[in-house]
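Next come two complexes built around chain A: one with chain B, the other with chain C.
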Partner chain A sequence: MTMQARQLGETTIIALSGRLDGMTMSEVEEQFLALIEQGRSRFVFDMSGLEYISSAGLRVMLLAVKKTRAAGGKLALFAVTGNVDEVFQMSGFSTIFAIFATEEEALSYIAAS
Partner chain B sequence: MDDSISLAPERKEWARLRELIEAFSVKQGLSAELSASLQLIGEEWFINIIMHGYKEPVPAEGPSQKIAFSITRQPHDAIRLCFIDHAPPFDPLRRQAANIELPADKRGIGGLGIHLIRSIADECRYARKDGCNYFEMIKKIGE
Partner chain C sequence: MEYAVIIILGAALCLTLAVLWRQRSERRRAATLLEVSLRLGSTIKRKELLEIIMATTARTLQAEGSSVLLLDEEKDELYFEVATGDRHDEVKQIRLKAGEGIAGWVAASRQSVLINDVAKDARWSNRVSVKVNVPTRNMLCVPVQSSGKMLGVLQVINKQGGRPFHQKDLRLLEMIASPAAIALENMLLYEALEKSIDDLRITTAAKERMESEMKIAKDIQRSFLPGEHYRMGDAELHACLYPAREVGGDFFHYMKLDEHRLLICLGDVSDKGMPAALFMSGLMIWIKAKADKKATPAEMVEKINRELSTDDSTMFATILLAVYDAETRELTYCNGGHCPPIHLSKGKAEALKSGSSLPVGIFADTEYRNNVVRVTEGDSIILYTDGITEAENDRCEWFGYGRLSRSAEEASALAPSQLNQAICQSVLDYSNGGAQSDDIAIMTLRINEITTK
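Up next is the complex of A and B:
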């Protein structure tokens, strides 16, 4: 599991790759909470490198969207594919998140007020 | 064809369980998608046992603290995953289904693992025998 964050204007782009499961959820949670504490509140998650997610991983994604909303911010995902897409569909998470095909679309959603 | 493993009720054991399911999938020539589905239902049930059954951390050592897992290819192209644990009785099939239609601010994560198992597995069977929970999940190949 790797989580890489980069800043583009006011938006933090977070690229997740590998597996978001019961073993790796806590490191992603810690890194995300550190970004919230730094005052970041606009997030785009690049899911293209994510190969696997379980309910433990969904728990972290749900925490992320709740923390972002509590901070008055916005969060979007893009490139949700394969097993990850299937799990998002089955769990109803595809209706909770703003999900886009490309980074450009996710960024323009975040930029719109 | 059967692969089995004995696991301590600790979260880090998921790594060994995952490796076993991955290796089994490769040996059996299963698709990456099917392998991911088998890993997912395996993880969900294993984490459920240790989080709710054994309420980690586990106080005592000994054989009764071990979780037995096996994965088997069955006739008629199906894969069977079986867990046997010594935790108090817990029948996931009697648990109320998670409400997957709630918005984010009302969503909890409880029950979601069981919901995923029931969505992915073609058949699940639970039994309480000899002080153990037996839980079997069957996944057909090619669906």
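Up next is the complex of A and C:
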């Protein structure tokens, strides 16, 4: 599991790769909370490298949604594929995220206000 | 001439005697050292060893007293453990700072010293001497080191009979210092080993206490679940649960709503272990509290969700709640983010799809939907958790829905308990005895022929 964050204007682009499960969720949670602490509130998650997400992994994504809403910010995902897409569909999580095919679409959603 | 011969002979005799005497004294010294080494090697217990070192050293050097000062590396201090001589009880807890006194100087410089008039030496600290009331006239003090590591200093005080110490005494003490160093090092290793055994014992006790608490928690959690078998009219049910750890987040429940309606429910909390178990316990209470014969499954799930959803919590649970009506032979179900149940009819498995709805515990205002499926005699409805579909083999591949539906089809003629067992066995075979990474729960509802009424 790796999480890499880079800044593009006011938006933080977070690339997740590997497996997001009970073992790795706390790592992502800590890093995300640190970003919120720094006052960031616009996030785009690049899910293209994510191979697997468990229900514990979904909890981190839920935390991201709740914290972003509380901070009055916006959050979008792109490139949700394979297993991860299946889990998002089945769990109904696809209904609480703005999900896009490409980074450009996700960024323009975040930019529009 | 004769005088010359006598002188030469005399000189030769003296020389021979001197050589013989020297050989004898060297042999004696070697024998003494061997004896000292053997004595020092006889124990690794701190008190015994220090007493042996001091007694042996004092006797070998014909001194009134001897002491070993060990180096406390953390505090950079020398300390006395015990001392021989008449007052050996009083010299227990004395500490010298680095560089303090003659012992401190020896430890810092790693050089031996012979001092025949202690009172005149600038390095002398009378703190210890005064404290223990042993007047010191003369002394020898040598560093004790093993493989370059400073362990402490060894000193002897007051040559017996009011005599002074000589250089050969100092050399002898230096020789004694090497077996003493080895013995002290063994003692320290033994003590370190003993300490780690003690630590292990404490850790083990704490672990055992925790395990017993976990066992109690497991029993409490089990008590929330109904029994594994249930029969109501034409409906026969079997459910089982295998947590990956002592306690877990998978759950199931069933209850009779009225004469012909049976509520069944199964789900999965979004974590494992104790946090999941606590959330599951709360959830079970809300399921029982919101079970209502006048409400549809979606209405019940909405009520449960409202109770569980808080702004701060990120705990949630996927849930499949259904009501079987024996009169209409309809199963009304509501799926909150859970994997689709299997409808097994005439040996064919079909996934009971429904639109995506969120698990419970996320947003208080989430709306849920009902779906209805008609069942006939011999049909089975199988509810399960993702611990089955996401069980992995050696190559990290999932058991998957495909294998699950085939296992169900193969076992479709079996009684519900055997069907559940057959599915769990195929999962177990697939994961090849590897560690179960997620909780597993499975429930099969079989619609039998109506035999009475």
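Keep in mind that, in the parts below, the second predicted complex is superposed on the first by the 113 of 113 C-alpha atoms of A that agree within 3 Å, B and C clash if a C-alpha of one lies under 4 Å from a C-alpha of the other, contacts with A are read in each partner's own complex, and residues count from 1 in each chain.
Going forward, a contact is a pair of C-beta atoms (placed from the backbone, for glycine too) under 8 Å apart; a residue touches a chain by one contact, two chains touch by 3 or more.
Note that the structure is predicted; figures quoted are calculated from it, not measured.
Q: Kindly say whether there is room for both chain B and chain C on chain A in the superposition, answering fit or clash.
A: clash
Q: For A:Gly92, using the defined touch cut-off, is the partner it touches chain B, chain C, both, or neither? Pick first, second, both or neither.
A: After superposing on A, A:Gly92 lies in contact with both chain B and chain C.
Q: Check whether A:Gly22 is in contact with chain B, with chain C, with both or with neither, and answer first, second, both or neither.
A: both
Q: Is A:Thr2 contacted by the first partner chain B, the second partner chain C, both or neither?
A: neither
Q: Which holds for A:Gly82: it touches chain B only (first), chain C only (second), both, or neither?
A: Only chain B; A:Gly82 stays clear of chain C.
Q: Is A:Leu62 touching the first partner chain B, the second partner chain C, both, or neither of them?
A: both
Q: If you lay the two complexes on top of each other, which residues of chain A touch chain B in one and chain C in the other?
A: 22, 54-56, 58-59, 62, 66, 90-92, 95-96
Q: Sort out for me which residues of chain A touch chain B in the complex.
A: 21-23, 51-52, 54-56, 58-59, 62, 65-66, 69, 82-83, 87, 90-92, 95-96
Q: Over in the complex, which chain A residues touch chain C? Could you list them?
A: 22, 54-56, 58-60, 62-63, 66, 70, 89-96
Q: Which residues of chain C touch chain A in the complex?
A: 268-272, 311-312, 314-316, 318, 336-340, 356-359, 362-363, 386, 390, 438
Q: Residues of chain B touching chain A in their complex?
A: 11-12, 14-15, 18, 33, 36-37, 39-40, 43-44, 47, 98, 100-105, 107, 109, 112-113, 115-116, 119-120
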